[in-house]
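I have a structure I would like to understand better, so I am pasting it below and will then ask my questions one at a time.
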Amino acid sequence: MSLAVDLSSKWLLVSEPAPHVLHIELARNPVNAFSSEFWRAYGALFDRIASEGRDVRAAVLSSAIPKLFTAGIDLGDAAKITTGGLSGSGPSDGARSSLSLLRDIKDFQHAIGAPERCSFPVIVALHGLVLGLGVDIAAACDVRYAADSTQFSIKEVDIGLAADVGTLAYLPKITGNHSLVREFAYSTAMFSATDAKDMGLVSRVIPGGREEVIGAALKLAGVIAGKSPIAVSGTKRVLLHSRDHTVADNLEYTAAWNSAALQTQDIPETLAAAKGRRAAKFAPLRSDAKSKL
Amino acid sequence: MSLAVDLSSKWLLVSEPAPHVLHIELARNPVNAFSSEFWRAYGALFDRIASEGRDVRAAVLSSAIPKLFTAGIDLGDAAKITTGGLSGSGPSDGARSSLSLLRDIKDFQHAIGAPERCSFPVIVALHGLVLGLGVDIAAACDVRYAADSTQFSIKEVDIGLAADVGTLAYLPKITGNHSLVREFAYSTAMFSATDAKDMGLVSRVIPGGREEVIGAALKLAGVIAGKSPIAVSGTKRVLLHSRDHTVADNLEYTAAWNSAALQTQDIPETLAAAKGRRAAKFAPLRSDAKSKL
Amino acid sequence: MSLAVDLSSKWLLVSEPAPHVLHIELARNPVNAFSSEFWRAYGALFDRIASEGRDVRAAVLSSAIPKLFTAGIDLGDAAKITTGGLSGSGPSDGARSSLSLLRDIKDFQHAIGAPERCSFPVIVALHGLVLGLGVDIAAACDVRYAADSTQFSIKEVDIGLAADVGTLAYLPKITGNHSLVREFAYSTAMFSATDAKDMGLVSRVIPGGREEVIGAALKLAGVIAGKSPIAVSGTKRVLLHSRDHTVADNLEYTAAWNSAALQTQDIPETLAAAKGRRAAKFAPLRSDAKSKL
Amino acid sequence: MSLAVDLSSKWLLVSEPAPHVLHIELARNPVNAFSSEFWRAYGALFDRIASEGRDVRAAVLSSAIPKLFTAGIDLGDAAKITTGGLSGSGPSDGARSSLSLLRDIKDFQHAIGAPERCSFPVIVALHGLVLGLGVDIAAACDVRYAADSTQFSIKEVDIGLAADVGTLAYLPKITGNHSLVREFAYSTAMFSATDAKDMGLVSRVIPGGREEVIGAALKLAGVIAGKSPIAVSGTKRVLLHSRDHTVADNLEYTAAWNSAALQTQDIPETLAAAKGRRAAKFAPLRSDAKSKL
Amino acid sequence: MSLAVDLSSKWLLVSEPAPHVLHIELARNPVNAFSSEFWRAYGALFDRIASEGRDVRAAVLSSAIPKLFTAGIDLGDAAKITTGGLSGSGPSDGARSSLSLLRDIKDFQHAIGAPERCSFPVIVALHGLVLGLGVDIAAACDVRYAADSTQFSIKEVDIGLAADVGTLAYLPKITGNHSLVREFAYSTAMFSATDAKDMGLVSRVIPGGREEVIGAALKLAGVIAGKSPIAVSGTKRVLLHSRDHTVADNLEYTAAWNSAALQTQDIPETLAAAKGRRAAKFAPLRSDAKSKL
Amino acid sequence: MSLAVDLSSKWLLVSEPAPHVLHIELARNPVNAFSSEFWRAYGALFDRIASEGRDVRAAVLSSAIPKLFTAGIDLGDAAKITTGGLSGSGPSDGARSSLSLLRDIKDFQHAIGAPERCSFPVIVALHGLVLGLGVDIAAACDVRYAADSTQFSIKEVDIGLAADVGTLAYLPKITGNHSLVREFAYSTAMFSATDAKDMGLVSRVIPGGREEVIGAALKLAGVIAGKSPIAVSGTKRVLLHSRDHTVADNLEYTAAWNSAALQTQDIPETLAAAKGRRAAKFAPLRSDAKSKL
């Protein structure tokens, strides 16, 4: 029985293509435009999975729409922004308008950053157009794969604003060419999957289209799902910490973390499995994990 | 009438090749050697542009000398350094000599970092030799383009010192290969435009020479100059912050920033212009901006 | 007379192939597996060199075993870990077990980080298999060269743990593609020298095998050994600081550092040597340096 | 009509003793022992007030129990901790137990830190015993008042653990005597209101008991509630930022913040009111604020 | 001949009451209200002294007006703020207004922070009213003395804004009671010199009034002026660094700094003077220091 | 049998006045002047205790000399400093002299910081003169007690240098009055035990002299030694982390730490002992701890 029964919603399709692997698809026709309702649902989905303790060990995020990943923010929402925030008719006082916008921006950031709050890796499989918010979404995932025809644009400047939900916070840290990041962020120029690979934004360019890139991402997810969840989730936590701290701080944190994590049965189990040439079997991370998935 | 009339000086040529685009050329024969007088003038030029609020929206920095960008620091100055600082005959007390040098180094750093203090992006177009200080200068710009025959060297070790005005502070952050950065910094080996691209130091390698790379840089500057200055300058500010802060800190800062910046007419103007298939028109960032440029 | 006489030990061969250049070879048959005795000896060797003030100006680290660099941690040690730490039979109290592990992890981190505490650059020449701890070791060196047949794996997840002695602390900072780093860290997939170059982990891929890559590394070491040790060691110190601090903090630190370092005879010496077209001659960094090397 | 109607719950009494002022009382007989149910309710109450946008401008937190503020954590919960976390029977794997505890600790920290997430100041009025968790709770409030007979103890060491929900994170930052903080944290010694004042933990010692200290706190709350909510909430946000950032970072953040906040009608309103010798009248921070309170 | 001849201006009186000691007096009748012209002059005065390298070794800042130190910002300026920034009629676009305000705030912060940029300590002698900006000004000085009748108020909330030029950035770091800082910042309550001493804001409360507190401050300045300027200026630099960095970072920075500073003749001179029971004589910090002062 | 048998050395007396309590006395006649040999022995003693895992649970540091704690650095050493470092005749090159000094300063800092590297609290009992290095030493301890006649001076400026082994790094963080810290650091003025208490430097002023303050410190040490060593050492680690990190960072680190530390038998043991009204009994932190002490 598929998990989609209770996790899927009108714009977010969820399935379980392999044991412990979740597939999440963006499905808001025609162009996966993100209204505030959509991005709130997006964040809530990941947070629900994280808090319910389902035994997910890897997830793939992709678009269900053949021609693109997403065209970005719903421009109807963008228009509302200048008339005082998303949450109502809006106050007329300049400072109160700013506060109202601030709350919306922080909610928006929190929703798009949800994959970081999951204990398992999230692999995003990109194809077609990845515009504006699409780049923010991809940046907050762990691993990025792109079909060879993918076209990216850091589009926010074209609607008169600086990207504020992740692209500018993440890209200088997760890629290896500030010059290209700034060029694309200032100019909104389209860039190809190959440019993205050169810049260090994606792991690899997958020949083919939507199906091929999803296939490659699911294959990686399957490999990760076979590993010790203590080891994989610890690796994710330590890598996120490493991005934002000095080497010395990170080593100190990792030592504290591993001094507990090393007391796991997953280590003798992996060693025994390797010796016996069998697949290792691991308990879920949480004892309250639902039995299916 | 060209802006060069009042901004140009003996070693720095300034022109306005396109609306809101400034072109600054290094022109100290024969090799653009940077004496302290030259680097002080260099920093002062950018700071003057920034403080006067001219309506510049993008700038290109290049060399007016056909065979090179710069040979680096003027060795006459380097010689003076060991006899007690640039600012005079120098005290004989070791600690006072150090303090004198410290003031010179900080002035030097401040001058070379001037492009960061401009609200608009600065694109550097490199060709020929880019030695020593040339790398520091390029590192402090937003975007780097190199002609395919460009040759770089982090030359400082060859005169007995660690680079101290930017190269070592910026390169580990703005590129994607620490191993190469250290190799070139320790060995002073020449490296090519292609090496620079591989390392993540330049956006792209432009086939051809000085004219071609300047042409490409001006083209990018033209594109950027057509965008909302609120959006572009906000993007620059947020990217500079992002380089030096955690993701969480940067998102918090960006939210504060955008809660004000989103209250701009540039957003409805861009949306209206897109709808009407016309070019958007934006007010200058500052109401006291001079009418020409 | 070779320096190996007093520095070499059963698993660590040390020679002096060129003036001021040290060559350190890992030599624990059959697979350079790192027991705790081995990694303690490894750290102690570098710390001894650093503290004795020998006039080393560059070092090359490689494996003496033809088929690989290292298979990583000795699994006998890994097994001991789950029964209470390396330092004895281990206490049965969970918190005391954690504390015992914590001390071991911090000792381990300190040993693997030893190359950073040397005033000279350490170039690692990689070939064959570089598994698990091999990546941590390489990450803590200054420059990484790899033979074209090198195969890497961030292997720790396969024994049930998050890498905790350097790989996850360094890789997000010293390379240029977080997506690849995470992909390889979660999946333990083998990756090639070319992947490593694409990711920004190695300076260059050397055609050939063990001998060729060691040859290339020694050549670079020789170049560096000919430079001013004040300049090279200052560059190393400033680059390490730069990795973990903001641009502003690093410029401030560098200014303080150079205000002393510029008062060196190496600057007039390099200038005079360049003028006289002769090799510069530099004093050792420490007056108590042993005469041979 | 009192707001207690919908905000109060079995252990948390909420009233509105003055316009825009909320009074929250801890009321779990006999000793305000914090079970996990209680601290979850505590955090949820503040988060609900914050998210609903009620027009609260200051709050007072106190105990409804005559003889004490709180005896700290419910020891029934503490006992459960060693058998595997609060959220169930608990897994037997050491690492999974740690992860389960980690989630509980982070939830606990989040709940106790809730007053920081309110836009208005929270003043805690302390009397009687303030043990263990009582200090963590007080530390996360904005202002601390203590009746002269108050007795404090950083009690956690007496149940075998380091305080982990705020005391050790806050006290070194919000007080002025590390020596006293450590002495009390290591020894669990009782300390008086006067000691607390000497250490910098409380604003002032109020002669009298529970009623007097609540009276003084409500008086302060009343004064604050009469000020511009834009100014007060901005001050709180900037002070929280200041605690954790450098002076330079804080000035930069504050400038970004105030460049929006200064565009408020509260400034001309305060100036006009001062001129007209009348009380200023301010709009709520949020236009969706409920009309009552 | 007094230095006041060339440094004094209409609202800033400068004299040299003792060798190497500067006395700066705020003198804008009737209440030392700070218009933007006044605070720009204030910052420029300190920056001029710092950059000219006069041989100042300590300075005292006080008010020339008998009844107060300062009433704070000039309300005429505050009124202009809400109509678009200090620098002109102001743009009507919300984002451009914010940018204009941002520039003004940063200029304001830079001016008030000027005493930090001097190599010598600045002692502020406070008396009478110290309102609003007066607290920001005092916070940026090195040492604070207050006459016993001094009355303080963090007044900014009373004109509808969060203090943004120093008070909120400095106070949580330089004092020892966050509870009091927040209480006074939210409530704008007047507090006494004794409160200020209790909170850790001032060194000591001087019995008497304006003359007594200035006398005490000048006496301290005289003591400091007799010490090695290398030692005092190094101490200031290291203390400023310490405030904003970790212990480890500060020790590293201090070691770099002192490795140069210890090579000073001031050390043998102090030792010789102590031996010979005579006053030590020190060279100016800068060889280009003007002969007088 | 006293532990002094093997730990005491010529200038450092070590005894075990109570179970698990160590008493360390500075005993270099006539004035506890710290030569480099002395401070190296001081640091080595603490590091030896820490690394050997003796079951120490609290230590008291004091002076064995009736009239003072210490007169500070041995001026013979200070004199050597200006002629090229402690480690030899010294090189004549300015930069190499600086490097030599740098190594000495860092060794010095490391030695004085040794109490921080112990898992147990160190209480310093001060009396008589506490000059120069005495303040650095006290600052690196956990808790400071002073006899009422104690006299302090941050004396370094009087020999021409900025304090560089701890005073300036610690004092702004561990006390609550920057104004006083700077005043005393610039002026070298003597300050009393009461001043020290006002500033937040000492926990309390003990009426009486050397014996009384040692008695009070030993009493506190005895109390601490009766507590769970898991809880006390964890509290120390978390407090040291807290001093140098943000609240959010510290809470994250503490959660990781306690998720392991809570799995200790000390918690049920303390609860059972409290119930049974008996003293709790705890295992040593390390299973390899020597049986005596």
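The letters A, B, C, D, E and F name the chains in turn, as written, and every chain counts its residues from 1.
Definition applied: a contact is a pair of C-beta atoms (placed from the backbone, for glycine too) under 8 Å apart; a residue touches a chain by one contact, two chains touch by 3 or more.
From a predicted model like this one, the values you see are computed outputs, not experimental measurements.
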{"item": "Contact-graph separation of chain C and chain E, given in steps at minimum", "value": "1"}
{"item": "Turn needed to bring chain A onto chain B - CA fit, degrees, nearest 5", "value": "120"}
{"item": "Interface residue overlap between copies chain E and chain F, same or different (over half shared)", "value": "different"}
{"item": "Inter-chain centre distance, chain D versus chain F - centres from mean C-alpha coordinates, in Å", "value": "34"}
{"item": "Whole-Å gap between the CA centroids of chain B and chain D", "value": "47"}
{"item": "Sites on chain B at which at least two other chains make contact", "value": "94, 97-99, 173, 175-177, 200, 230, 243, 245, 248, 256-257, 259-264, 266"}
{"item": "Residues of chain D touching chain E in the complex", "value": "58, 121, 142-144, 173-177, 197, 200-204, 220, 223-224, 227-228, 230-232, 234-239, 242-243, 246-248, 250-251, 254-264, 266-271, 274"}
{"item": "Chain F residues within the chain C interface of the complex", "value": "87-91, 93-96, 98-100, 230, 233, 260-266, 283, 285-288"}
{"item": "In the complex with chain B, residue positions of chain D that touch it", "value": "241, 245, 249, 252-253, 256-257, 259-260, 263"}
{"item": "Residues of chain D defined as touching chain F within the complex", "value": "75, 78-79, 81-82, 94, 97-99, 101-102, 105-106, 109, 113, 156-166, 168-173, 175-183, 185-189, 198-200, 243-245"}
